[in-house]
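Would you mind keeping the following structure in view while I ask a few things?
Chain nomenclature is as follows: A, B, C, D and E, assigned in order of appearance, with residue numbering initiated at 1 for each chain independently.
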Amino acid sequence: MPGSLVYTGQQHLAVAKLEVIRFNEAAYEREEITLDQLDKVAKDEFVSWLNIEGLHDIEVIKALGETFKIHNLALEDILNVSQRPAIDEYDDHLFLVCKMFSTVEKEIITEQFSMIVAKNLIITFQEKPGDIFDGLRQRIQHPKGRIRLRNSDYLAFALLDVIVDHYMAIIEEYGEEVNIMEAELLDSFSEDMLHDLHLIKKEVNHLRRYARPLKDVITSYIKSETPLLHKSTVPFLKDLNDHILQVTENIEVYRETINDNLNSYHTHMTNKLNDVLKTLTIFSVIFIPLTFIAGVYGMNFEYIPELQYVHAYPILWAVFFGIVVGMLFFFKRKKWL
Amino acid sequence: MPGSLVYTGQQHLAVAKLEVIRFNEAAYEREEITLDQLDKVAKDEFVSWLNIEGLHDIEVIKALGETFKIHNLALEDILNVSQRPAIDEYDDHLFLVCKMFSTVEKEIITEQFSMIVAKNLIITFQEKPGDIFDGLRQRIQHPKGRIRLRNSDYLAFALLDVIVDHYMAIIEEYGEEVNIMEAELLDSFSEDMLHDLHLIKKEVNHLRRYARPLKDVITSYIKSETPLLHKSTVPFLKDLNDHILQVTENIEVYRETINDNLNSYHTHMTNKLNDVLKTLTIFSVIFIPLTFIAGVYGMNFEYIPELQYVHAYPILWAVFFGIVVGMLFFFKRKKWL
Amino acid sequence: MPGSLVYTGQQHLAVAKLEVIRFNEAAYEREEITLDQLDKVAKDEFVSWLNIEGLHDIEVIKALGETFKIHNLALEDILNVSQRPAIDEYDDHLFLVCKMFSTVEKEIITEQFSMIVAKNLIITFQEKPGDIFDGLRQRIQHPKGRIRLRNSDYLAFALLDVIVDHYMAIIEEYGEEVNIMEAELLDSFSEDMLHDLHLIKKEVNHLRRYARPLKDVITSYIKSETPLLHKSTVPFLKDLNDHILQVTENIEVYRETINDNLNSYHTHMTNKLNDVLKTLTIFSVIFIPLTFIAGVYGMNFEYIPELQYVHAYPILWAVFFGIVVGMLFFFKRKKWL
Amino acid sequence: MPGSLVYTGQQHLAVAKLEVIRFNEAAYEREEITLDQLDKVAKDEFVSWLNIEGLHDIEVIKALGETFKIHNLALEDILNVSQRPAIDEYDDHLFLVCKMFSTVEKEIITEQFSMIVAKNLIITFQEKPGDIFDGLRQRIQHPKGRIRLRNSDYLAFALLDVIVDHYMAIIEEYGEEVNIMEAELLDSFSEDMLHDLHLIKKEVNHLRRYARPLKDVITSYIKSETPLLHKSTVPFLKDLNDHILQVTENIEVYRETINDNLNSYHTHMTNKLNDVLKTLTIFSVIFIPLTFIAGVYGMNFEYIPELQYVHAYPILWAVFFGIVVGMLFFFKRKKWL
Amino acid sequence: MPGSLVYTGQQHLAVAKLEVIRFNEAAYEREEITLDQLDKVAKDEFVSWLNIEGLHDIEVIKALGETFKIHNLALEDILNVSQRPAIDEYDDHLFLVCKMFSTVEKEIITEQFSMIVAKNLIITFQEKPGDIFDGLRQRIQHPKGRIRLRNSDYLAFALLDVIVDHYMAIIEEYGEEVNIMEAELLDSFSEDMLHDLHLIKKEVNHLRRYARPLKDVITSYIKSETPLLHKSTVPFLKDLNDHILQVTENIEVYRETINDNLNSYHTHMTNKLNDVLKTLTIFSVIFIPLTFIAGVYGMNFEYIPELQYVHAYPILWAVFFGIVVGMLFFFKRKKWL
């Protein structure tokens, strides 16, 4: 229902956590705040970054929407965790939403990340506690970091840069796994491997589903003529665009490698089938006539002249041997041996 | 024949039903009307929504066309239920046609939905009784709904939004079915499953056929510079565009998953075939030489020296055993066991 | 050779037939004319439609070219019946060429249709006698037809509309055939069905080859800023564009269905192959050890202790039975039964 | 190495041949010239066409480059016979290069064709003696040919038109071969046919590789706003563009037909395999139990009660017959017979 | 981490090597320099080319960045050896990065090549010692080389031209290998060949991954309206663009040939499988009934009338012969022989 705020995800925290970091060239502050303090988040001559963890409490989102005059559609998108990556320009703020990937013990965690970019203010929304921005927080805290000299648009870039770097790291990990598999496939192959290949394909497709629209989001951001994006930040966003482009290209490369691996698997299987059937045929074709001949002389007719012939048995073995050699020669000529 | 009005669908109601809802910030009216009352549908300072259910009566359509000066081509498209999704801009009204999907007892109902957007007036045309707009009607009736403050363009958006939400719900249902199947395919597989996969593929393709042009329709609507679209409604249409985009992306994702499932099915089948043939070959190759040897000593030649030898029989069993062990070793080395 | 007029098709009539229809709001005339009367074809205050059937007589085409100042390239294209659909704008006329399809006794007839659109004048060229425009001629003859009020551009639209409607009808027929086949494939399948599928695929590809450029032709016509196209005719052409778009979309849908059917056919075939081989393997694997044992006790060794044992024969049958049961259990576990 | 002129092809003539044709409405001249006479090639009030056959002599190319002020890059491209089709606009001349195909005794001859289009002057470069332009030369010689009234741009068109006509003729020849094969495939199929299909596919791909960029070249030529292209020649180039478009479309059609043929081949092969295996299975499954039973009664146990029973043998034959009939019924039910 | 300079490659040299070549129409200098001499690299009225080999020493890169005012993002990209090909325009310099391929003893060496194009100055960065530019250096040293008359933009073109020429040479080598394989596949085929095909496919895909973005880079360079690109250099870059376009087209052609080869391999394999199974079936089907009959007359029933019949044995051979002939006739009719 449009116009109504409904959180479509799961509750990951008991209470939503609001943390604000304020900085300028000279100063740095970091504090956890409550809903009452929202009006004190932004300070003159500071860049403020308000980070919200936990989206289950609609009241928090509503309060933020009212305090910072966030468009209702943006609030709806923040709460709809199946929202596709998008960027929307409103009167005095930009709204950007994308997926954030991280790895915890070899497992991929997917989380929705939303961001409001306003003048001197960034508001970020995360579903789950803990994030991938600790390195960035340290760089902000560092008195001589480049980020301290710049405005909210650079902070927005820095956040996206961390997210895209994690895309890159994860796709590279998959790529390595795929390449290892490719080498293994040359030696042996098992149905487990097939299963693993399908799993990785699924994960890579999952990543791809969110990486490709993110590329469009960043391109739109660069092309938007919003006053919220300073000219000096554009080269950084272009660089970021190159990174996400590289992510999508790598995804395509690894998708193709996975498909090649699947094809290799099938070729190996068919080769093996050929091998199995060649073995069966060689054995059958050699022994079928021999068995027939043995059967003939096992018949109980009273008048089979050969049966009385003294040398019949050794001659028959010679015939058997001759048939075997002939068959082997026949298979050799057919290049089956 | 161009210029002639012919209904290409089936008759679903005895008599076409015309219902008008009129509202503004302060008031709300809902009444069923007859053809004679058409000139009283639109009222000053109200937004009116005239909904027609049942298109079989050409006279109704003609009367509507004359009263509201609807272009003849629009009337033709309303009646042609195999019309592809399209938007047309006429002098003082917009015409928009698309497919509307709903689920009744797990079955998908497809119906053509046409809409005339005029100043303060929306006319909608449906083939069948009953629709998916009851929630929207309640929101209109609610005195504090956002929709009560806005004009016909927002109502048009709200109608399309309900339609697109149903697309989303249906594709998600298919997606879940496909994912369940994917999990099942890892365990077992049957020809029924193949049949189901083909059915879902067909349904997803059906949805796709109408979702993709609808995306173009909404894009055209946003880009049209018609005075019938107020600037403040544009962000909502852009949001809707994101939704239909997500629908089409999900369709592509599930189509790919279905194809992956079909491929998995084939791989499983080939694996099973390999297994069958390996079993056949192992048994045949082991027993064929044994049977041959047994046949040899079943021959009735008078002079077979081995036959008289006392230990021949146990020695032969040793030979049999040796051949079996040798063959098993051979299969082991070929990794067939 | 450019510049020379050569007819690349076959002669279908003894003598080319020239027929002119002239009409305006008030009057209607229809007459067959000869080459000498060409200068009287167009009359003031009338819209004239000159239809030529039979292109083998170069002199006729030359005379028309000279009388109506048709560009030589257009004349060449009229005569080249393997011309791809195209539209060309010349100084005072438009030239349009496409394929016209009709069905005679379930067979598709393909014919080239060329049209010169000039002020108050349409000249159409057809290869064969008889056409699909009789309905249109009746609508022209009808005194209150919309067409009587309009100019040559609307007549051009009406002609194209008839052609596109026939595309639609033919593709729908194929679609139905394909859908019937799909249902049949679930029950049984034969090589004939495969043959039919390939034939339909060929026919659908034939249609597609001419439908897709026709779409471009109509789009170009709409976008051309020729004074020969009145503003009020544009919505009709846009509607026509929607129709041809729907034709091409349906073609793609049915192509995909055909491919799905072909894949289903292959899957069925592989399933059947699996079934065949499973049957072979089950029988072989059960009987091969039994036959071997029977062979062993058919050996003529003098000292086979079992042979003298009184209960040996019934015990052996028990062993046979045990092996069969064991094998069936083995196949059951492998889910082959 | 850029800047240095190197011929990358083979020497086909002992000495490069330079021939000039000069014409205007009234006069026509044709003469073979030497390098010293280059400055007399172009004459006022004449259109001159200088044709060079044989590119091995770098000095000739250098002399031409100096006399006619051809850009060094154009000279390099003329000599690089693996140059892809391209058009380049220089200060006072156009440079165009493409592949020229001809058939000599059913074999395709590929040759590079380069052309300089200057005011009143065309210079063409060919690798090998003999060409496909003799018909064009006759049309120039003919006093009333349209070409005599026009300038160098029309001559350039006429040359390209001859080249594209040969593309068309060759692809049509392939198309016919492919269609004949398609018909043959319905009757029988052999590995030779597969070989032929792969050969034709290779040739069609070869043609496609040069036809597609040639289309871009002609489009660029039309769109270039060079004063060297008179407005009245543009419709002819557009017509040519239609022809090359048709060539590329036909190439795609025949590529698809070839792939369909390859698929048909595979289906036939699988059908045959199925047939082979069904035969094997039917025979095996019928005779395996029979042979087993015969083996049982060939055993030498002393106490097999059936052996003494007088009617055992005919009864056994009845059993055999019963098994055969049962099996045939079983296969019938499985639709294998 | 953005803003920090980290080299992501391996150290190939003990110490980074800096070499400067300065030239103008009259003079030429070449010297190896140290970090202290960076301010003397560029000289008035000279074009200077500073080449750095070895990127492991961050201090060198930092010093270069400071001296020549290179944007920090460019420095980061220089050090990130997995950077995708890109071009960036900064205030007074262009930055361009791509992959450079060379062959050393049939192995492909991949190396990142970065270039700063400034007024009268080119700075190039290479990872490894030794490069593919020695021919270019000789051309610069040559007093009459075209390059001596031109500025840094032409030198940049000349460097890229050498790189693209090596792309071309390598893809042509692969193409030749693929064509040889194609010919071999017609005669025989082995699993090694399959392995080789997959390896080449991998290498071609590797090349493709870097060639396609390089094409975009060169196109961007041509379209950029930077004052650093003189109008007279544009035709050379367009020519270069044609070359890289040809590289990418050849890559696609060879990719398709590889896929055709893989398909041929599979067809051959299936043909062989058919052959194997036909052999098995023919032998089995002929001998199975014979062996059954022999088994029947090997039975030990007391009353088998045929056994006493004198001519039974030769008649049976006649029956055997008749069955064999009948079967052969049957196979002949089925076209299996």
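The rule we apply is simple: a contact is a pair of C-beta atoms (placed from the backbone, for glycine too) under 8 Å apart; a residue touches a chain by one contact, two chains touch by 3 or more.
The model shown is predicted, which means the values in this text are computed figures rather than measured ones.
Student: Walk from subunit A over to subunit C along touching chains and report the minimum step count.
Tutor: Between subunit A and subunit C, the shortest chain-hopping route counts 2.
Student: For subunit C and subunit D, let me know how many angstrom lie between their CA-based centres, rounded off.
Tutor: 26
Student: Tell me, which residues of subunit B touch at least two other chains?
Tutor: Only 270, 273, 277, 280, 284, 288, 291, 295, 298-300, 304 qualify.
Student: If each chain is a node and each touching pair an edge, is that a line, ring, star, complete or other?
Tutor: ring
Student: Beginning the circuit at subunit C and going via subunit D, which chains come one after another?
Tutor: Beginning with subunit C, then subunit D, the ring reads C, D, E, A, B.
Student: Taking the touch rule as given, give the residues of subunit B at its contact with subunit A in the complex, in rising order.
Tutor: Those in contact with subunit A are residues 135, 139, 145-147, 158, 161, 186, 235-236, 238-239, 242, 245-246, 249, 253, 256, 260, 263-264, 267, 270-271, 273-274, 277-278, 280-281, 284-285, 288-289, 291-292, 295-296, 298-305, 334-336.
Student: Taking the complex as given, what residues does subunit D use to touch subunit E?
Tutor: Residues 1-3, 71, 73, 76-77, 82-84, 86, 88, 90, 188, 191, 194-195, 198, 201-202, 205, 209, 213, 262, 265-266, 269-270, 272-273, 275-277, 279-280, 283-284, 287-288, 290-291, 294-295, 297-300, 304, 306-313, 316 of subunit D touch subunit E in their complex.
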